[in-house]
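In what comes next, chain A is part of two complexes: it sits with chain B in the first one and with chain C in the second one.
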Partner chain A sequence: MLSVRDLTVSLGPATAPVDIVAGVSFELAKGEILGLVGESGCGKSMTSLAVMGLLPQPGPQIRAGRVLLEGSDVTQLQPWQRVEAGHGRMAMIFQEPMTSLNPVRRIGDQIAEAVRVHDRVSDAPATARARELLELVRMPDPAMQLSAYPHQLSGGQRQRIMIAIALACRPQVLIADEPTTALDVTIQVQVLGLLRELCNRLDMAMLFITHDMGVIAQLADRVSVMYAGRIVETADVAALFGRPRHHYTRGLMDCMPSRNFGARRLPTIAGQPPAPGTVGAGCVFASRCPAVREPCRTADPPRAEVSRGHEVLCAFPLDDGGPR
Partner chain B sequence: MNGNAVLDINDLKVSFKVRRAGRKYQVRAVDGVSLSLAEGEVLGIVGESGCGKTTVGRSIVGLVRPDSGSISFKGRDVTGAGLRDMRLNIRMVFQDPYASLNPRRAIGDSVAEAGDINGFFTSRAGRSAAIAAALTAVGLDPSFAARYPYELSGGQRQRAGIARTILPSPSIVIADEPVSALDVSVQAQVLNLMMDLREQLGLSMLFISHDLGVIGRISNRVAVMYMGRIVEQAATRTVLDDPRHPYTRSLVAAIPKPDPSRRILGAIETGEPPSLFKRPSGCAYAPRCPLASDRCLVDVPELRSVDDRALACHNV
Partner chain C sequence: MWSYSLKRAATTAVTLLAASVIIFAFIHIVPGDPIYVLLGDTATPDQIDALRHQLGLDQPIVLQYLTWIGHVTEGNLGRSIFFQAPVLSVIADGAETSALLATMTMIWVTLIGVPIGMIAAVRHGTWLDQGLSGAAMLMASIPTFWVGLYLILIFAAWLGWFPSSGYPSIFEGGIVNLRYLVLPSLALAAPNAALILRLTRASMLDVSREDYVRTARAKGIRPWQVVTRHILRNALLAVVSAFGFTFAALLSEAVVTETVFALPGIGRLVVQSILRRDYPVIQGVILVIVVVYLLVNLIVDLSYRLLDPRVELQ
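The block that comes next holds the complex of A and B.
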């Protein structure tokens, strides 16, 4: 469905580029939910914006790599050209719906407009479809809400509206960049449940971005862990949590406050991620890795498939040789 | 009034005048909260955004004037007091260290501010030594005193914010979502730091957070707030392992567990969040509550002591 290969996004002049996304590859199958997890600044948003063709201009550029949607390279196309060329459809939702919603227009009009742009229909069918979309995202009292303004809705409801607008183009791929990060856990669980249900029902694939390992465990089918612009581990969600192989993945899991309440101190990962442009030779995690060895500091670690579908970017993966 | 309590809050009520759609409203953000904080204890306050956690904290340090109720520090009534020694004894740590660190001032000056205002320092050398000691205590090199906030990472800024809080040797720290803006790896570092400081400095702490995972880590006891009231209060393990109030149950159930074999999506009902503009007449939680009965729609449940906890519910 969606295949991203060696995607590199850089800042600065072509002669001295600073890579903020460095050779990212992943595959997304029909109906699948791929979780992309990592701490802030690791390049998750830049990856998703590059895939969508929405990188801020002027600014970061795609320096290398390909984004294949149903086999065709869309890297050079604008989003509207992708639809016209029949290259399949992608839509995106963000953390803060208020930045994408028009505060002075009614919800119904905003959804209907997205429908008209995509379906080229007149007002009446567009409004009917807007109502259908509100039902699809399980908005309470959809007929009433068509005439509401964004500020009259709760944060969770606004995110439902953004999902409805995204669904107006009947996407095959939905990219969700931290859509529940600003919500209370009680509302987050509803929005995550809705997204999962929609993926199943519409056979839609989703790239779900978060910094929260708990959310990943609840939602994703497969997971890619990102650090300093690179994907350092990819696996099925059960394999990743059951037997993490990258030292960073393990560290992220251990320092979650909701794990092992009994212990007095939380395990931590020493130091902080490197700023873009400051990574030298060798493994990007070497300065924080508890298992670092001499070769890690000089040679780039290999990307190896440690078991079927489980890839890790590390010269000395955790727990190598033998189950835990 | 509790025997060894350093802080006693009794029936605190706070409301705000707000304007909405051209009309003026009086909304009650805190609706009768009573709490007591024992010496050396960490009491967590948890609840969804807008439930009044920050307003409780700000009332204690005198940033908000309560409508009614009392706040006493070591048995002395300090309600609404701008008392100078209060400002040094009860100190607040904020979620966004930008709010407490002036971007145009060197870190050292921000850290020393409360001391400067209150004539705390007797000499320049004493001031520098106090800044260096506070920075060292939070794991920052004393050379950070000369740096500016923009030069620091999020975790370093929060450490500086904590240094600013502890410099006047307060007895009580009110920490309002102090790690909510931090990445997990940094969050763990700062939480460990706060636990160490509590022990070393003998602090008592009110730890406010929307995240039960974080609260569960650091608190001895937890108070769960809903629409300006405490609905359940007990030892941390009791709240997490055996929540009884329907709201607490829902909060605990909604924590995304880092275990793909225990998935909850689609399996729990949590309802729509409340609005202070439409406060229900009986139990505030009734519109979302699976156990709501007729009585819940008319009678406000009082917080009463049941077994090992305090609970405000008619039906559990």
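The block that comes next holds the complex of A and C.
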């Protein structure tokens, strides 16, 4: 469905590029939910914007790699160009529901606008479809909400509107960039439930970006863990949480409060992630890795498939022969 | 909406009252006397005293103010000392020119400032943007009278397309007389259009970084639709409020423009009346200007409600 190969996004001049996303590859199958997890600044949002064709201009550029959607190359294409060319359909929802809707236009208009583009219909059927979409995202009183303005709605309701706008594009792939981070915990649960249900019902694949391992565990089928612009480990959810193979993934899990119930102090990963542009040869995690060995500092780690569908970017993965 | 309008009307009345005190006080503080202007150097002290008494200028200033403001509330702005005619009719004579000049100027400001600002924003960073922004900076920096003189030189003296000065009423010569106002309104519009241009550009660039613009792009609508449907209207919120200030600037710049183009407008009237110490006319004109200015700002505030649904008028 969606295939991203060696995607590299860089800032700065072409002569001295600073890679903020470095050779990211992943596959997203039909109806699958792939979680992309990592800490702030690891490049997960940039990855999603690059895939979607929404990198801010002027700003970071896709320097290398390809994005294939339904087999057609959509690298560097903005959403309107994909629509023009009749390629596969991809939509996106964002982190900030409070600022992601146009404050001076009615909800109905904002949804219908997307419907008109993708269904190529006139105003009346577009409004009817907008109403259906509001029902689909379970907005109470959809007919009323069509004429509401964003400031009259709560954060959770606005995120439902954002989902409705995304669904208006009839996406085969939905990219969700931290869609619940700005919401209350109870609302978060509702929105996650809704997204999961919509993926099943509409047979829609989703790339779900978050820094919250707990959310990933509930929602995703597979997970990719990102660190310093690279995907360091990819596996099925059960495999990753049951038996993490990368030392960074392991470190992230140790930080989860739910896994350390009753602990007075949560363990942390010592040190800071490297700043973009300071990454030299060797493993990007070497400076913080508890199991670092000498070759890690000089040689790039290999990408190895340690078991079926479980890839790790590490020369000496966890649990690899002998007790840890 | 109506209760808001009423509240605004009340505050407007208070502002007007304060303005009337300030106008009256300042004019009487200025040295000089209409008596000498009227009677000349050869007047005898008896003549001077008689005229002063006749005009009521021998009374205490507070009493003079109260008499004046009393008449104003009845709609009577007094009589011009110089013209020997009601102030209201003196102002009415100049009002036609000034109102048409202001209207034409605001039309130029809108037609030039907003679309070109929009183009500069859409093409920002390119040579086109730099050229337009640079030209705008230049126009904002050049004094109105200089622009006026060059417009006269090029379009009146060399090309002969437009008349260079004066303005016969459209009620006498028909609508074609508006051609007399083309050059003065352009001169007056130049610096203001430049400001609106730069403001439109800056405001559009600000808005284009908003999250909802990214949402609009994600929908797959074309770039120009993103601009017209999502960026422009939000950017205009900031521009609309600037129209109020622009109008205020217009009132003072009109004084110069009307002099350069010898237009029989309010601006020139106020300057001449100050030189003649024609107190009732000065007071009347400034009061009218204050009223117009307050009205324009009221309209600007009300139009906010139409542009931005978040604004609650209370």
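Miscellaneous remarks
In the analysis below, the second predicted complex is superposed on the first by the 319 of 324 C-alpha atoms of A that agree within 3 Å, B and C clash if a C-alpha of one lies under 4 Å from a C-alpha of the other, contacts with A are read in each partner's own complex, and residues count from 1 in each chain.
We take it that a residue touches a chain if its C-beta (ideal position, glycine included) is under 8 Å from a C-beta of that chain, and two chains touch if they have at least 3 such contacts.
None of these values were measured; they are calculated from a predicted model.
When both complexes are overlaid on chain A, chain B and chain C end up sitting side by side without clashing. Contacts of A:15 after superposition on the shared chain: neither chain B nor chain C is touched. Measured by the number of chain A residues touched, the leading partner among chain B and chain C is B. Residue contacts after overlaying the shared chain place A:122 against neither chain B nor chain C.
Look at A:165: by the touch rule set out above, it reaches chain C but stays clear of chain B.
In the superposition on chain A, contact of A:39 is made with chain B only, not with chain C. The least CA distance from chain B to chain C in the superposed model is 5 Å. Shared contact residues of chain A, touching chain B in one structure and chain C in the other, are absent. Within the complex, the chain A residues that touch chain B are 39-40, 140, 154-156, 184-190, 192-193, 196-197, 211-220, 237-238, 241, 251-253, 255-259, 261, 264-269, 272. Those residues of chain C lying in contact with chain A across their complex are 125, 209-212, 214-223, 229-230, 233-234, 237, 307-310.
Chain B makes touch with chain A in their complex at residues 48-49, 153, 155, 183-189, 191-192, 195, 210-214, 216-217, 237, 240, 250-251, 254-261, 263-266, 268, 270-273. The part of chain A that touches chain C in the complex is made up of residues 52, 54, 56, 58, 78-80, 82-83, 91-92, 94, 96, 99-105, 113-114, 117-118, 149, 151, 162, 165-166, 168-169.
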